[in-house]
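Pasting a structure here, questions to come.
As written, the chains take the letters A, B, C, D, E and F, and residue 1 is the first residue of each chain.
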Amino acid sequence: MTILELNAGDTAWVLMSAGLVLLMTPALAFFYGGMVRSKSVLNMMMMSVVSMGIVGVIWVLYGFSMTFGNSWNGIIGNPTEFLGLQGTFDTLIGAEGNQIPLLVFAGFQAAFAIIAVALVSGAVADRMKFGAWVAFAVLWATLVYFPAAHWVFAFDGVVAEKGGFIANQIKAFDFAGGTAIHINAGIAALVLALVIGRRVGFGTKPMRPHNLTLVMLGAGLLWFGWFGFNAGSALGANGLAGMVWINTLAGAAAAMLGWLLVERIRDGHATSLGAASGIVAGLVAITPACAVVSPLGALAVGLLAGVICPLTLGFKVRFGYDDALDVVAVHLVGGLVGTLAVGLFGTQELTGGAAGLFYGGGLEQLGRQALGALAVLIYSGIVSLLIALALKYTIGLRVGTDAEAQGVDLAEHAEQSYDLSRVGYSAYRVAQTLVVPASPLSPITPARNADNVDTKEPVA
Amino acid sequence: MTILELNAGDTAWVLMSAGLVLLMTPALAFFYGGMVRSKSVLNMMMMSVVSMGIVGVIWVLYGFSMTFGNSWNGIIGNPTEFLGLQGTFDTLIGAEGNQIPLLVFAGFQAAFAIIAVALVSGAVADRMKFGAWVAFAVLWATLVYFPAAHWVFAFDGVVAEKGGFIANQIKAFDFAGGTAIHINAGIAALVLALVIGRRVGFGTKPMRPHNLTLVMLGAGLLWFGWFGFNAGSALGANGLAGMVWINTLAGAAAAMLGWLLVERIRDGHATSLGAASGIVAGLVAITPACAVVSPLGALAVGLLAGVICPLTLGFKVRFGYDDALDVVAVHLVGGLVGTLAVGLFGTQELTGGAAGLFYGGGLEQLGRQALGALAVLIYSGIVSLLIALALKYTIGLRVGTDAEAQGVDLAEHAEQSYDLSRVGYSAYRVAQTLVVPASPLSPITPARNADNVDTKEPVA
Amino acid sequence: MTILELNAGDTAWVLMSAGLVLLMTPALAFFYGGMVRSKSVLNMMMMSVVSMGIVGVIWVLYGFSMTFGNSWNGIIGNPTEFLGLQGTFDTLIGAEGNQIPLLVFAGFQAAFAIIAVALVSGAVADRMKFGAWVAFAVLWATLVYFPAAHWVFAFDGVVAEKGGFIANQIKAFDFAGGTAIHINAGIAALVLALVIGRRVGFGTKPMRPHNLTLVMLGAGLLWFGWFGFNAGSALGANGLAGMVWINTLAGAAAAMLGWLLVERIRDGHATSLGAASGIVAGLVAITPACAVVSPLGALAVGLLAGVICPLTLGFKVRFGYDDALDVVAVHLVGGLVGTLAVGLFGTQELTGGAAGLFYGGGLEQLGRQALGALAVLIYSGIVSLLIALALKYTIGLRVGTDAEAQGVDLAEHAEQSYDLSRVGYSAYRVAQTLVVPASPLSPITPARNADNVDTKEPVA
Amino acid sequence: MKLITAIVQPGTLQNVQISLAQHGVSGMTVSEASGYARTRGHTEVYRGAEYTIDFISKVRIEVLCSDDEAADVIELICQSARTGHMGDGKIWSTPVDQVVRVRTGESGDEAL
Amino acid sequence: MKLITAIVQPGTLQNVQISLAQHGVSGMTVSEASGYARTRGHTEVYRGAEYTIDFISKVRIEVLCSDDEAADVIELICQSARTGHMGDGKIWSTPVDQVVRVRTGESGDEAL
Amino acid sequence: MKLITAIVQPGTLQNVQISLAQHGVSGMTVSEASGYARTRGHTEVYRGAEYTIDFISKVRIEVLCSDDEAADVIELICQSARTGHMGDGKIWSTPVDQVVRVRTGESGDEAL
């Protein structure tokens, strides 16, 4: 194949979508960062941001290859096939007439791997050692995400001859990653929250979001980026992408209204945090289903997620796991809703055969969906647990209680998020300014070097 | 038509533009949200965000059909034609060789409908019941926006055989929605501000923007999104889109400079709020005209808007309507400047015949423009007034004065925007912590459960 | 050529990339704005934002023409050729089959010119007169950027017959602007910092970033936008764009990790400001090289920049120039790393001949790279110095020390960035409210017009 | 000399400021505080969890004055800050030994 | 009457609030402060530059009470705010001449 | 014992801190305030509307000390906070009945 055969329009759309999906990780950093207290927002954002660094590097090195290299029994891709992405420059993939460069696909999928890792961090807000997170991100991406993504996203004959078992044997349908990403990250978040333990004060001290404008910024950018996530997964600019785009709008819109309604009825007020959460829950749920449901079906899927997710928020209090930012209620539950919805609302015309239960297709596809979800749930649950325990008993997962009280930003990053005061409460290089107490009342200098009377000459 | 005939390049651009326009509504939420006081920023953002939910849902249900269904006498589209967007999956629209899927167009236009509704909210900052806004949004979208958009955007033979009367009979030119969106939302904002009444303290208490970085974020994202709004309206990636892109840059740039100049001369200082406002005013003004003026013409249109809009800011004080965030001065006035500018600066080569006054085309096109603007102005003014009055005398538009003083965020959403304090001024579940006064000096517990000495064991 | 020959897919990608690059300037405003103290954030953002206004206008007027008009001896483009961008509407550029409209290219390059100017502002945070910045922006864009961009970006025969000398004679390789933009802006920043002088309190008073979430927002949006900057420079949606996209991800990811590692080792903590800075340094370094290195090469380039840049941070203290936001360490040093990296890591297959030193290509290309960088360094250094001195001794560059102490936002823009207080510390129109002291204890009015008891009737 | 401290509703600051200025009180210092008393706070909801915020925003006003003026200043603040609602606040007066004006070093009543 | 002022660790506020409420103290005013004493602050790093932050976040609690209650209130705060670490803070008491309740104009002990 | 309260320009805090530390004053509490006096504030403009901000940022410094030290502390702050401009602020001293160190329960001069 030569480079001239590619479809520039399809390539343009996937290139753009790759950027959109990449933007979702900073967006997640804001969405999560706004929800923690002001003493841990930087750490919260850093868990997402450093995932961009870590996964960005290992994806190029071996991640793409483990995910899309030729499959070893449907379990894992050959990690040496595209080692360092070498030799991929002139390769195209896709159907005749709609081909795109393999590297564009590799970029698009890189952004998926990044956000999957970042999603997990919401559960361990306020208390995880930064070094432990870095180690977790490397291990989890390698041992959990790349395999799971291989199972779900690697179709036989697209990139390599043989792909993963969920896509090709179980034939569960996961258009843009409800199973591979959201269920996967959601269960890992639950496990990690259990292993790391509850925050000091969980359930007795208030821990309200410190900046809801930041949360809304995150939710807004996530929605924007999600059009790339879902409609980009069509791998071309075509009617399917258009349908998916509409469904991504409809699902999130309906879920937002659903969540607000639940709040209004249950809590008396519809909140902005509820709107932001509803948007994300709807996006999660529509992700696996967006290519196989009609716009009306998307409204139904969104509404379901918008109603079910907020009702599961209380589980963390009831069962006592401190999933700080509700990754379980939003991503695990939302991902399950969406994955199963394929088997309920899928239309024959779109799936190309296997319609969902409500469209006369019987239980077959629903069963496949459940099987796929279960496979990822169990595998991710177990391996995430092993990683978490291994780290806990080696380098340790958690900062000390003093550091936690003072704030993980200061303890782990030696920074503070905001300094809006007009008063500079700090001294620059202590040795220089803070002199040891001398004899009482020795002559002192007047305030000549105060800010507003400094007369030091500007240079040059 | 089969799905293979579509132009993937054009489709990619419109898909992307749809995302860009959708991003404009969160952007507007930040632009507006930063301008209110910190006690009402969440409500301000929620008015935009919930519009995404509401209009996202009703657009799919019947909005697209009312706007682009086959016209009943040029007045309104057939609401049943595309009910639930069903049966649109394989349809393409556009000229031979440049066709795009109908659903991509439907998505692009959905984002227009959303932002039109959200724009209105700036006028009623700080004091509107959230429930009343939800009701207003549903009614206004249905009774005002869909008809007006039908008149202006539905050209005969594009989606349905017959379209709206402003596009096809009056032949006023409104490329991306100066009339249908900005004049329309601007007059509705004025009416709603009049009906809801002035804020407590209007004109006597200071109400300065609480976060100008948020305003600038909104303005920056709006500009970014507006390239989709305007250049996406070319419905293809072509020379026209390129010209429109340049004009969207030039118009906003010139308006920003114009606004800053007015401020510098009149107020003594060029402000950042002025720059942000100038950008938006310029974008509004260039919107209807961007496809028919040259880049030099775009500079002129932008400069005009940048100078005229700030000069109309004082009207709200003079005439005593409390248009809190100046929707009238920016969108109504800016929209009028741009709509009339088509009749002044339109070049023959671009309009394909009817040049503007300054390009030797006489008053004809100017008259058509005025007529189109007037039609929308009157219709929207009257129907918006009826909706506002109906809501006022049924569910009520306005929160109580106590709620207004305390802040509409707390009253309507039970949330506070920022908590940057190191002190947790709250008690989690009051029954648990705030005990009824007992006998004086009964034995008390030392501070063992204080943040920094909590020794509760982490789980697992 | 007629408009039908263009490649819509390539056009869509460049149109989108233009928007992405334009977004980088607001992004820079947030990145820079978050790093200054809260008393100068608005001014910091305004320096970027007004550059969008100024350069947006002069690019249309004569900038594009000076940069891409037919060259006068490789030194400067004919400023009259595309004056006001007139007569460019139907022109296409690019290789047969991959043509895009000239205006799309003009828009894409406009965004480059804007950000180049804005980058300089980081050096003079907190203390520059706004009027002086406006003058500097006009002069520097005209006298420094347009020529330098002409030298580097104007290839013979693309837009005009003859282009600039670095691209065509020296044949230094600068894919997306490491030399023309980052080295250029970096040296100008150094010169301007030297001429304007140190801030009051530099080195003795703490000046920590006031809002690191804003810095991270800037970095996130910069990364997102940079995909347009680099991959858009392929001027088409093709395999090269895909490779560049991947390299833009890999370079920034590796640099982030490198910077964090340096911090962890040197300072004991990996900071969020370090992550944000590392991302930007990596993006700067990969910019000139992204089209000629393999993904593994991109990792190497990124890592180099991530390690070298933070090690040069101390220079400003050692040599006493107050480059407030480290434009030199990030953009000048990063730009040099990347520009020279072309001569080290360039692969034959991608450069089409001249491989880098480590790929067996000898020192030839390295020499060309150094020569190109030097040419821009010297020219920009001298002319920027002349502009800075001219302004210093005419209108003056710097605000007074009182204004600097009080904050340049208030002094230059009569605004304050944040008002998060529940207390309204201001009086609206002083004449109205602040009455001259009368006789002691004259009858006073009770607090009836306080916020929470105002009973003024709402209008209508 | 006396230091008059008043904890009042934020919305009444402007009124207090005007009435003090009208009566020739030359200066004051204002800061933010949160009050907790019989008037309980409000409830907030975040993802279904209810938080009771016991503390309500108040503004603290401090005025230094001579002994004679103290009663008048208290009276003035009391009247201009009164809304008649719960939570209107408290005013108290404490004795001051010495006042110095930083700029000039003057002390006593002259420093006021 | 007395004004009891306590500068304590922010994390202990809830504990102080509860123990005061339990013992019938009807109100208090809280504000934010930064303290500087033998317990030095912490170090922050920004782009390689070290900043020593000498001031540590504290919360200021003020309680007006009658002369008799003063000792009890001090004792209560002292016990409920104690963590045993450096930086636990100080409590002091100053004499108050007069207290007025803004809402009603009542003064003296009735205004408490 | 005395409580010395100073309302000074924010920019002078570092200077005051150093000179107090140099003279053996072991602790202080700092908070933010806004002052209003003969030096009027500044004007801001938002969309053409002018706002006069009457209140200027100040920093409040509080130092507890024994009766003997009071005059010295006042003098030290006065000198190190002086810029010679209007708005340099005020320092005052109030009597303190009792001081307690929370950590140990010590009281009186030992608690300082």
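Just so we're on the same page, a residue touches a chain if its C-beta (ideal position, glycine included) is under 8 Å from a C-beta of that chain, and two chains touch if they have at least 3 such contacts.
Please read all numbers here as calculations on a predicted model, not as lab measurements.
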{"item": "Labels of chains that are neighbours to subunit A and to subunit B", "value": "C, D, E, F"}
{"item": "Chain pair with more C-beta contacts, B-F versus C-D", "value": "C-D"}
{"item": "Rounded Å distance, subunit A centre to subunit E centre (Cα mean)", "value": "43"}
{"item": "Mean-CA-position distance for subunit D and subunit A (Å)", "value": "48"}
{"item": "Chain centre separation in whole Å, for subunit C relative to subunit B (CA means)", "value": "29"}
{"item": "For subunit D paired with subunit F, centre-to-centre distance based on mean C-alpha positions, whole Å", "value": "17"}
{"item": "Residue list for subunit E, restricted to those that touch at least two other chains", "value": "11, 14, 17, 30-32, 34, 44-46, 49-51, 54-55, 81-85, 94-95"}
{"item": "Contacts with 2+ other chains: residues of subunit B", "value": "7-10, 12-13, 16, 205-206, 208-209, 211, 217, 237, 267-269, 271, 273, 405-406, 414-416, 418, 420-422, 424-428, 433-434, 449, 451-453"}
{"item": "Topology of the chain contact graph, where touching chains are joined (line, ring, star, complete, other)", "value": "complete"}
{"item": "For the subunit B and subunit D complex, residues of the former touching the latter", "value": "205, 405-406, 410, 414-416, 425-430, 434"}
{"item": "Subunit F to subunit A touching residues, read off their complex", "value": "9-19, 21-24, 30, 32, 57, 59, 72, 76, 79-85"}
{"item": "Partner subunit C, residues of subunit A touching it in the complex", "value": "3-4, 6-13, 15-16, 18-19, 22-23, 25-27, 29-30, 33, 41-42, 45-46, 49-50, 52-57, 60-61, 84-86, 89-90, 92, 100-104, 106-107, 110, 130, 211, 214, 217, 237, 412-422, 424, 426-428, 432-433, 449, 451-460"}
{"item": "Residue ranges of subunit C touching subunit E (in the complex, touch as defined)", "value": "206, 208-209, 263, 266-269, 271, 273-274, 277, 310, 313-314, 317, 326"}
{"item": "Subunit F partner contacts - residues on subunit E that touch it in the complex", "value": "2, 6-8, 31-38, 54-55, 58, 60, 70, 74, 77-78, 81-95"}
